[in-house]
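In structure tokens below, several structures.
You will see chain A twice below: alongside chain B first, and alongside chain C after that.
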Partner chain A sequence: MDKSQYMDAFIEEARDNLQTVNTTLLQLEEQGYSADAMKEAYRIVHTIKGTAAVMGIEPISELSHVMEDLFDVLKGRAQAPTKEQMALLFAGLDTVERILDELGASGSTTISSKEIKEKIKAMLEEAKTDRVSADRSPRAVAEARFAISGDQRNQLLDAIKEGKRLVKLTACYSLDCKLKEGRAFQLVRNLSKMGVVISSLPAINEVKDEDGEISILLATQQDDEDLLHVAKNVTSIAEARIGEYDLPVEKGAEERKAPGTEAKGEPHGAATSIRVKAKLLDQLLDLVGEIMINNIRINQIASNLKNRELKQTLQSNARLMTDLQDIVLQTRMVPVDFIFKRFPRMVRDMAVESGKNIDFVMRGNDIEIDRSLLEEIGDALVHLLRNGVDHGLESKEQRAAAGKSPTGSLLLSAFQEQGNVVITVEDDGRGIDPAKVARKAVEKGIITQEEADRMDDRAKVNLVFLPGFSTAEKVTDISGRGVGMDVVKTKIQGLGGFVKIDTVAGKGTKFTLKLPPSMSIIRAMLIEVNREKYAIPLENVRETVRVDMTKVHELASKGMFRLRDEVLPVLNVHSEFGGLAAEQGEDVPAIIVEKNDNRACLLVSRLIGQQEIVVKNVGKDLRSTGYFSGATILGDGKVAMILDVGAFV
Partner chain B sequence: MSEAKKVLIVDDSVVMRSMIRDILSKNGFDVIGQAKNGAEAFELYTRLHPDLVTMDVIMPGETGIDVVKRIMTVDPNAKVLMVSGLNQKNLVMQAMENGAREFVVKPFEHKDLVEAASKACA
Partner chain C sequence: MRRRREKMELTGDEEQIVSFRLGKETFAVKVAQVREIGKVQDITHIPKMPDYVEGVMNLRGQITTVIDLKKRFGIVSEAGAERTAQSRIIVAEIGDHQLGIIVDSVEDVMRVPRNSISPVPKTLSTGVQSSFLQGICKLQNKLIMLLDLGKMISDEGEMNMVMNASKTERAEA
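For the complex of A and B:
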């Protein structure tokens, strides 16, 4: 059967699982051993291994196999991984992630996991050396959890007297396995020919179709290989492995839970959520967009026909469309935790690498944001966090010298503000020194000394957003990777948001990213220039005015226009777009646009009105002109470019 | 491969019978008989001695389980492959407990049926 159809689902599930193992490992590292955490890590690595094996992705299945073994040994011994083991396990997870990335991009992988696998294997052998004593610990026995009745116990003792050994055989069902109870039955039946089946976990009549595997306790004289062969030969058994099993101690005072009282998976019930392919959601939104565009067109036709009934129907349709649009947009919302959850691990790595003590706190993980936006801002957040660790926070010594706590604080928070999602990255480090930034910018030839002298502190700090700027005294591994601050700004602006820096010398720095709730359907002001229509996002429109051109004054070769007590630069969109004559007269329509607290007055030929538009992405070529953030299709079927107000203010 | 395994198909649906026949015939099995109910199935089994029986679970009259039980009384080594729906878990389990070797769940892919049939014969 063609497995490629499962690839997307596999990658997604494996990523989720990786994330959970990462989080669990971090927890183990911070809080020490916990039976639940170890069990969780073990179980998930096991799942990753099983599905990877079914999918035939050996670099992952083999690597996760040794990781699982390591977890198994540690779990049996009630130990958290040591520092060295932790480093290898993290490295292993990273390798799996890289392979998943490659699989996602190209459908196949060339990455070898051999090196890290061998390292973990070596570590495993080392860990196993005192296994005999360790495995006999009462805890290890309690972990096994086979329900063994008095009869079964006697059966088991008899088998041992006959010279049989105890084997725990665990079999994984294939992804497409149906009616698992039947397969479990076959497995037990076939294994019964190889020895005495004492018990199974879960019991055969408790096997559920959600189960991933079943473990069977067997007293046998057969070789492992033969046993595995029999197990794997059962239909829909994808994989099997054998572990040792030690006889449980007599009804132990040490036993933490009575066998059989362990939770057996999630309670059954109607699913309250389902997984949907992200691509389908994108298509759904696109379709809603197309229908809305059509609706605008139909409305135009209807207004010419003057048919009352038609008009009423269309009005009710419009209400339905709005509801539909709201719901479609809601389906696209995901909690920011979706990407936030990988940051603790990342910051931890960066802290270790840089030798700094960092207290990393996240807030507002449940704030929801459009999935496509979230994907887009991931890299930007990574960069800001790296920046915070690398440049923002000082070394322990420097902090101590400045009378601060040796542990630096890094805070990532998300919250909603007036319909926008705001994400801040805040550190309590040294702050950005405007003078130092300006000096660097002059040295690098980004600005001249004269320009620098004219700048206020805020403008100087904002120089860090210019391409080619870096205040790093030396390029570290951390800041050497990823995107630059200029890319962060461009990216966020491209999404219709903005980035702001607040910094206080010696106290810290805060980056604020403000993002629109959804990038796909926005309200816009339609205008006409040179007989072409354009759209301006309404959030950038402050007001519309009429400009008397005779009152526009030339100032430093720029037209300036006085609006109430504010003087605004006047920009002629005609000439910007290579049009001929500039607008003249006493009554020229214009729009006051604003972005990042900067305003300008745009002269246009005609103001058409407000409407909802569906944002379509434009190619790099058009975006790189700096004028356009996207395009939309209007009611008459024509394309209108969406102006990026940032280009004018 | 040794001599083609002789198969008896038991199913009350003509569509299912044809489908199973086509799949198995194309994959090296020799379909020697088809039955549309339990009585026919038992009669054909004792007469033809097939290597494998594919057995529908629910049929008018005797169920597949009844037929399995009857066949087992005359031939404890009979090789029966249950062809079941997804919601017939209990019936499949009963059939297995009564000696059916294998089962395949509808809807199945061709290769699933062929694999199950081969394993049931092994």
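For the complex of A and C:
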């Protein structure tokens, strides 16, 4: 058997599996022991071991073998990995990942997993002999989710509407407790007087004498103390604790606790989706673009022929084309989770490294975005998260001194806004101090003191986006190569989006990245300048007007035009592009463009109309003029450049 | 591509070249570097680019930069029209990059013995940068300057300015 042809598939699959184990481990670390999570981790490490053995990659198969053993022992003891075990397991996974990287790059590996393997082996021996269960924190007990039926959910939503809060009360039976079912029933009955009992875990009719505790989900308006009092008054209830309960969101809704539900996987997903090479999808899109262009051409020819049957066929064809285009664009959409899923592990490592406590929450993992866009923004997000951990969030001591909770919060969320995908990275740290930023910029010679003095706070904060500002930042080994804020900004703007900072001193900082949903097929306004056609993305077009040149006034050597209440700079694209001198007249076609809240009035030769265009990539050289963001092919087969409005406003 | 060329060199000990004219001079490129030759079609002019950059054209859906080789080399046109019915675009493809070059006419596709190609004499006086020349091919009745398109497209070359994006590169706009 020629193994090389299976290598890529193996690497890809193993990477996915690693990701799942990582997520599962994080879940175990955060929420304590869960039988499902342990089983999942064990199962997947087993798979990795098996496939690696088939491929003859011993460093991986041997390493995953000992990891599997460790999971097995822990699973058998219903125990989550201890801190040390966790560290070793993570290190083990990292080693496997490094080996995979090397395999992917060169087809063979020189990395030895021996050291880490021996360490885990030693740990394993220790764990085997260590009969006393080590750290059995209350959290180490099953944190399974309540099963909530549709009725119960409605009941619950009603309760929330009535202003009740949701709590989870967990009661431990005393050691000599008999007839636990009865006790559980009594507990539920008593609690019913305090609020609405939604569900219990285990269900009340499934309580067995082996159970150590029971959890009850309750919607109530009573205080925690009162509830605990009621619970403890039930005979044979030794201990009770209570906490707010976050309702697990239904599929499709937005919030999800970071490493949370991922591990369980979605078994039905396996059957309905398949892997397709990304390159094929790109080619498919290219082809659809080609067909669309041809179609426009055919339509032009058909309109001259005046054949009714042909016209009808073309109409139905047009509908099919639209559907095809929609579907092809959909195939390129992937949930942001595609890259978000690696962040919990990364933030955890950064938190450990910096000695900070961080509560990392992700929202909107299911928001979909064009795959190529997503790949492009990965580094930018890594940078913003690292920035949040390193600079945004304070140390425990500083937070305590500032009267904040010692655990810093870092929130990564994605949502949709008017057809755009918005991603925010938000921390509740110290915020950005405008004066400090300005001082640093002056020190680095990026701006002069006078310039700094003239700036308002907002402008000062935005200085962090200037090239050369963040070069002195230390580069941590976690995030690898550090990219500066300027790179983040350039990247996002290059993709047709923008970056915004909102910061409040002492309260935190929020970075907002706004991205176009897709960049492959867009609506555009076609214009003509110097006998060449150009396309302007419709999102940058505000309106088209006719400009009376006699009403254009010179102001600071710039033409200015008054449109209703607004004074707009007038740019003559002809002369800008080295064409003839400005057209004169009372009726010059013009287009009002805007980008990032800046507007300008562009004088053109002709306004042609709106059209859907397929965005084609052009070389860096063509983009380097700054005027063009890409090109497209028109119905007549000719190329039209896409204007980057940013060059004019 | 290089491998293919070497193979040919080994087996036949000869080089397959396409010869074309720029003004009065005859040039040639290796067939292995040519993707296709076509008539001059609609070219979209691009403002703010060097004058020898003719613009971009649609080559079956790919946006391809086109340069005018005569302007690039400063070769004076013979009297008459800039473009004639004989004008052609030679699309060169090296690795992932492609570039269209406009020539006055394409003459011939021929096999020449490798030993007929000699290094470029230092004294050669032509507008062509000698670094773009791969050699001089001496045939019975004429001399042909063999251009190295790879050099022209390659990273060090000045032509990097107009190098076209690769087909496989992701569509980013």
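General remarks:
In this section, the second predicted complex is superposed on the first by the 383 of 649 C-alpha atoms of A that agree within 3 Å, B and C clash if a C-alpha of one lies under 4 Å from a C-alpha of the other, contacts with A are read in each partner's own complex, and residues count from 1 in each chain.
Going forward, contacts are C-beta pairs under 8 Å (C-beta built on N, C-alpha and C of every residue); 3 or more make two chains touch, one makes a residue touch a chain.
Quantities reported herein were computed from a predicted structural model and do not represent experimental measurements.
In the superposed pair of complexes, A:13 makes contact with neither chain B nor chain C. Here chain B and chain C are compared by how many residues of chain A each touches, and C touches more. In the superposition on chain A, A:618 makes contact with chain C only, while chain B stays out of contact range. Judged by the touch definition given at the top, the superposed model places A:185 against chain B, while chain C stays out of reach.
Contacts of A:233 after superposition: chain B is touched, whereas chain C is not reached. In the superposition on chain A, A:206 makes contact with neither chain B nor chain C. Looking at chain A, you'll find no residue that touches chain B in one structure and chain C in the other. Taken in their complex, chain B has these residues touching chain A: 84, 86, 89, 92-93, 96-97, 102-105, 109, 111, 115-116, 119, 122. The part of chain A that touches chain C in the complex is made up of residues 279, 282, 285-286, 289-290, 293, 372, 375-376, 494-496, 519-520, 530, 532-533, 576-579, 615-622, 625, 627-631, 633, 636-642.
Residue ranges on chain C touching chain A, taken from their complex, read 41-42, 44-49, 55-58, 60-63, 65, 160-165, 168-173. On the side of chain A, the complex with chain B involves touching residues 1, 178-179, 181-182, 185-186, 189, 233, 235.
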